[in-house]
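Here come two complexes built around subunit A, the first alongside subunit B, the second alongside subunit C.
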Partner chain A sequence: MNDKKIVAVLCDHGCRNGSKIKYDELKTNLKKSEVIEDFLLVNKACDSGVEFLDAYKGRKILFGGCSLLEERGIYSKIKERLGLKNGEFRSFDVKADLYDLYPDKVNLEELLVCKILSMGTLLYHAEPYEEERIKPAEGILVYGDGITALRTARALAEEDISVEVLETGEQFLSPGLFSQHFGRPDQRGLSSVVSADERRKSERNRVAGFKNVRFLPSDAFLSFETVEDGFVFTFKSGEKRKFGTVVIAPEREEEQSRETGALNLTDLYGKIVCGEPLKGEVVFLLDYAADTSPEVFKDVLLAGKYIKRRFASEVRILMKNAKVSVSGAQELYDECREQGIIFFKYLEDLTLKNNYGDFEIEGTDLYTGDKFLIKEPDILVIPGRSILSPRSKNFAEALELLTISDRYPQPDSLWRLPNETNRPGVFVAYPTGDNSIASLLFSVRARLSTAGIAVNEHIPVVDEDKCVYCLTCVRVCPFKAMTTDSESRVAKVLRTVCQGCGSCAAECPAEAIQLRNLTGESLYQGIRALG
Partner chain B sequence: MEESLLIIYCSEGGRKALQKMSSEGFRLPSGVCTFELPCTGRINDVMLMETLQNGVRGIFVAGCREENCKYLDGNKRALRRIKRIKKLLSDAGIEGKHIEMQTFGPDEGKRLYSAINDFAGKVGVS
Partner chain C sequence: MSSNSVCIIGAGISGLTVANNLVNAGIEVTLVERNPYPGGRALFYGCKASDSCVHCGVCLIREAVMNFRRTHNIKSQFSSELTGFSRSNGEGILLEIETHPNIIDWRLCTECGKCIEACPENAVKIAPGWKYYVDSGCNDCGKCVDVCPEGAIALKRESMRESIHADCLVIASGFKPFDPSVNRKWSYGESPRIITGSDLEELFYTENYLPGVVKKSDCKRIAFLQCVGSRNVTEGGEYCSRVCCAYALQMAGRLKDEFPHTEIDFYYMDIQHFGKDFESFFGDVSRKVNFINSNPITFSVDRADRPVVRYESITEQKDKEEAYDLVVLSNGIAPGDKNEALAKMTGLSLDKSGFLYAMNGMGGVFVTGACKQPMRIEDCIEDATGVTGEVLSYLEERVQVK
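Entry: the complex of A and B
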């Protein structure tokens, strides 16, 4: 352990106007602790220089300020000036995480002492470390032979990126998705309707014309393993190839819903293209059988906006979990609200009654808590499920991608872009038009151009003497960052894959795993210091 | 830490809900301390037991809403673990009510506020 003591600095400007914190008392209380060497108070740290810290070179610094300091880069200035390594500096937002949480009359000195001691303890136990960056390997593999896979390959090839396309060889095609086959609702035109198969063939010829695209024969891949900078695929020919980035391009199929009397999105697009009037009350029911993907939600918003504008219908969108995480969807959502489309966010209790095509929807709104009842809407649209084609499903399972109940990759998560998966380096090209390919390209380019993937501060460190090779960590890791070393019989961490959540450290029965700079011992002491 | 309550929150959804709560004008009861973890999935038995042993009246864990965990299923693991610890505690003759975990979306400041207050009332911290 390193015995450098902590210098705690607190900025006191504007965070709490007219505060009457007794700093002398604070200082004496803090100095009683073993970990705090000194306590400084700065006024307006965001404007003053960082020179006042020069006297404290060689100590660890704990800085409490507001978010402005982070924005103005004061923290990085301090780190640079004092030559602090990672693990020797820590900051906390004293305004958002402390002052704002408590009522005015509370004893702030006591709370501040607790907070500083707790954070200080964590910092005291932290070991300095050099930041590592690992560059992903170069190759890109696109899996799939539908129109989405081909378009993705072409978009990459046009940017002078070498691509290899691994075909599934099963010609599984979506029966007819509007945005692929007709264009967007407001740029429609029946003349542009070309059959899906023809589109695919012409696209394949175009893609094959690129020099930097190589088609791998279907069913050629045998096994793969994850390494720190990508994936090593073994092919049936015995060839081994390393790819830093994998794009999986599923096709989408919608369930036929004609029997029920409700429309799916494809049916609705068909009606729009044929110019059928969509008047009266139009209701979209999302997240009903399975969660709606963000890309589909965007399509629904587009269609809803079009119907509202063109036919002045009453449009209602019922949703539960749909997210606006696709680029442009938030603006579209706001626009829809402005135009008078009504959104309901329903709770679990939604019931849908179908009386020979006359629907009755009953549920409770999350925000108002009111019950709503929609009776016999003129048109009810339930976007169908989206599924992976059987081979893509196997491929996704081999890569250990998380799939939702209907086998479409990824349960939605607010924190991830829609084309990202739980395995860093594996992306999904959604079969929903050019938008999704553009956002995919953005992610892929970001991965290719990075100077290397930074290794998370809190990566797990495995104590090889304690590890009993029970593989609990391998099972619990949500990102599949834990692998095994069968020779030495200990668990191994793939440093680029780990995101530092600590699930493995919490579950390890032998307590052999500790997170870097967040060890169990320091956590216990940090919590204890709150007392 | 006598008569106090500890809130352990994750640095994603839990933290955002807490900040939303303060921005909506709700304040924590006094005698409540907060502690941040990268993910609620880091919580383990020893941590909670030790904290209770040190005299904290109650531990409230605030994680991300299900399906929205940045680390995919850290919150679900924590929920399961806490369920187990509650059972262990009640087997040992201590009521399980001293530990509770709930999940919150970043916009659910008000619900977090009422959940914390309910919990504080249950364990007898005002």
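Entry: the complex of A and C
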């Protein structure tokens, strides 16, 4: 414990209602407390300079003011001038933290006394600490086999960052982005259609040409463990390697068609790549096995247009909605209609009969209200749901990433940096958007360039003698920051991962966990001080 | 001369994201914003969470504004516009910025709120997460000047012109919501019961959800009309605006929760996918909303002043008419009105719909956000993060060349 007492300072400028405060009353009440040595009132702390605090060198300071003080850097000036460490200074926003939270009826002095006493008591008990930062380990692992993983690896390598690529060993044509697989037929002419596989191979050769890229033997990893500065992978060879950063470029896979005899898009691409003629009547049935996404819709348009031109086939596209919300899709849709591709928007009453590969589709067209019947088309394509490939999914699960359904290794789409996951240091690369690789690069560089990850002020301290190694804390930590340590048989916290939420301390049956600078004792005393 | 300075035009979510990212990377940033506050169009949108968050992204803007406030090393010029652009011989870019200062000097304002009480015209406004400003309703009475304890208010302020130097220019000037009053078809303005999606967003922001004329107790039927100003060259843009299916469905879901007895009809052409958890969201909302796949033919106002929608019912094979208490025109994204001028000044080109065509990095000029194509907030954040990366690479290369 430490006996530096608290000097509480309050900015009493008119702008914050402060002028209504009965200063004397406040001071008398605060002086009763054991932890508050003095109480000062300043007018316009934002303009008055911080020299007046020189008389209080060696004390801890608790400052109540408005948001301008932080905005104008006054708090950092105070800390600097008085040489205050973390754990020796705290501030609160009088308006946001107090007045806005309570209706006018409440007595201002009482509110302030409560706030100052509770925060003051916590500050009184706080241990000063140097801010600790842990730098992520070197080394980046890129997981994935597809073009996105390879492009990511290349982009990093071009920035002089060493990468290791762990391939999945699954080499299939992933659905989506026909334009990526085949180039844009209308821009480059049909003759220059390049298959995805060739493009992947050539990209791989290019990437392999970089000195700072290493390919790990595919499927080589056995297990992995989170440590404070990264992730340790154990490979089949017995080798252990630590990576500070992991990028997962999840391969996506299209579900197989449930109708025997019907193709999914992946099958169709296979046929195109092999140069099989796709003659006769080609029917695409969208929004059937799965709601078609805009990217897939655009792919279908491109494929349809290609087939129509290349083989002069009859192309029909059956759908519920035209998903035109990606760049250029609306134009392409209009173009396809002009070129004689026939679109049906079908109603709920659609039926599909499958007689060993001979199909019959019957439905009502929404535009005309007419019934239509398509009998035995030569080729029926039913795009499937696009899901994470099994190995990508396993990998994401091994890393304990939260996923959205079975499609995205991110808990939701609202992260500050779009490539972040719930695990600090693990990023996701998506093949969407023009800028997705660039934004991933930014996230990775930001991680590499920081002075390190700051350790939370309130990380738990586990009492070795009390811990019974029940692992309750490991289960309850929402951030997966608690781990086991089988040698000492005491729960161990990963300091870079812990957010100081306190769940572990609250749940520990042996009461073995205290949070740094937030002890039960100080809270209790704080409450008692309020009397 | 500092070797790394970046000027950003527009402090919407895109501009703020770039600014916050660059400052974290140690780059000097000047932010030029036309409004007297940061946040852009979406600052006055409302939360659309029903039982749980629907990921509309609006709160991310407030967060970006708060972050920006805490970063005292961004130089910001509000109420300012870019008026001149020239290249200074191998030394980057020279920009001319014109400022028409707001009546309230945001640098001095401490948000005490005295002026808002004093103003008889309700012309003093607060921008969420930011400070007070005065809008065009001000009649120069000067009452606020007298009460401001900070001396932050002055009725007449001189415009200023300033030249600044930058290594890079990032344009994040955003979009303009499509205005349906350009076409009589929509009857916008003819009845207070016909409002746009933008209007409804503002009502959501104030948590009123319905315009004053519509009584909460007897609001029985609401209609949403999709693709207003989009996907139709004669009435707006040819492109799909990409945001309106999302916000309209999210708002419809919220309205149904707020007023369970109200019936909501949703007239649409096609429903677009959005967000990573679209499927579960859509499943939820389709239980709350009746979908009508039709583009209304005409629009009128009946004797009780209720809007009437006439449309072709496909299921029943005939034209039908329905009267509503409220009609929402889901207006889309139109190119910003300054796009042409900006393109001319900086040498960028426009695409055929009028959005800025991005050849990022050419001569140190970058484009991001809704000024280059319709985007939702989360897409803006991703795009702006990527552009930040490109800006950083560009600056590094420049230093190496030197």
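The working rule: the second predicted complex is superposed on the first by the 347 of 531 C-alpha atoms of A that agree within 3 Å, B and C clash if a C-alpha of one lies under 4 Å from a C-alpha of the other, contacts with A are read in each partner's own complex, and residues count from 1 in each chain.
As a convention for this text, a residue touches a chain if its C-beta (ideal position, glycine included) is under 8 Å from a C-beta of that chain, and two chains touch if they have at least 3 such contacts.
Given the structure is predicted, the values throughout are model-derived calculations rather than measurements.
Within the superposed three-chain model, A:Leu518 lies in touch with subunit B and out of touch with subunit C [touch as defined at top].
Of the two partner chains, neither subunit B nor subunit C is touched by A:Pro128.
In the superposition on chain A, A:Arg72 contacts subunit C only, with no contact to subunit B. Applying the stated contact rule after C-alpha superposition, one finds that A:Asn321 touches each of subunit B and subunit C. With both structures placed on the common chain, the touch criterion links A:Cys501 to subunit B but leaves subunit C unconnected.
Once chain A of one complex is fitted onto chain A of the other, the partner contacts of A:Arg445 are limited to subunit C, with no touch recorded for subunit B. When the two complexes are overlaid on their common chain A, residue A:Gly261 makes contact with neither subunit B nor subunit C. When the two complexes are overlaid on their common chain A, residue A:Ala96 makes contact with subunit B while staying clear of subunit C.
Residues 291, 321, 412-414, 416 of subunit A touch subunit B in one complex and subunit C in the other.
On the side of subunit A, the complex with subunit B involves touching residues 96-98, 100-103, 105-107, 111, 114, 118, 291, 321, 402, 411-416, 422, 458, 476, 478-479, 499-503, 505-507, 515, 518, 520, 523-524, 526-528, 530-531. The touching residues of subunit B, counted against subunit A in their complex, run 1, 4, 6, 12, 15, 18-19, 21-23, 27-28, 30, 33-39, 41-44, 46-47, 50-51, 54-56, 67-74, 77, 81, 106.
Contact residues on subunit A toward subunit C in their complex (touch as defined above): 13-16, 46, 66-68, 70-73, 95, 159, 291, 293-294, 321-325, 327, 329-331, 334, 345, 347, 366-367, 369, 404-405, 407-408, 410, 412-414, 416-419, 433-439, 441-443, 445-446, 449.
For subunit C in complex with subunit A, the touching residues are 21, 24-25, 53, 55, 57, 60, 63, 69-70, 72, 110-112, 149-150, 231, 238-240, 242, 245, 269-280, 282, 293, 314-315, 317, 373, 378-379, 381-383, 385-390, 392-393.
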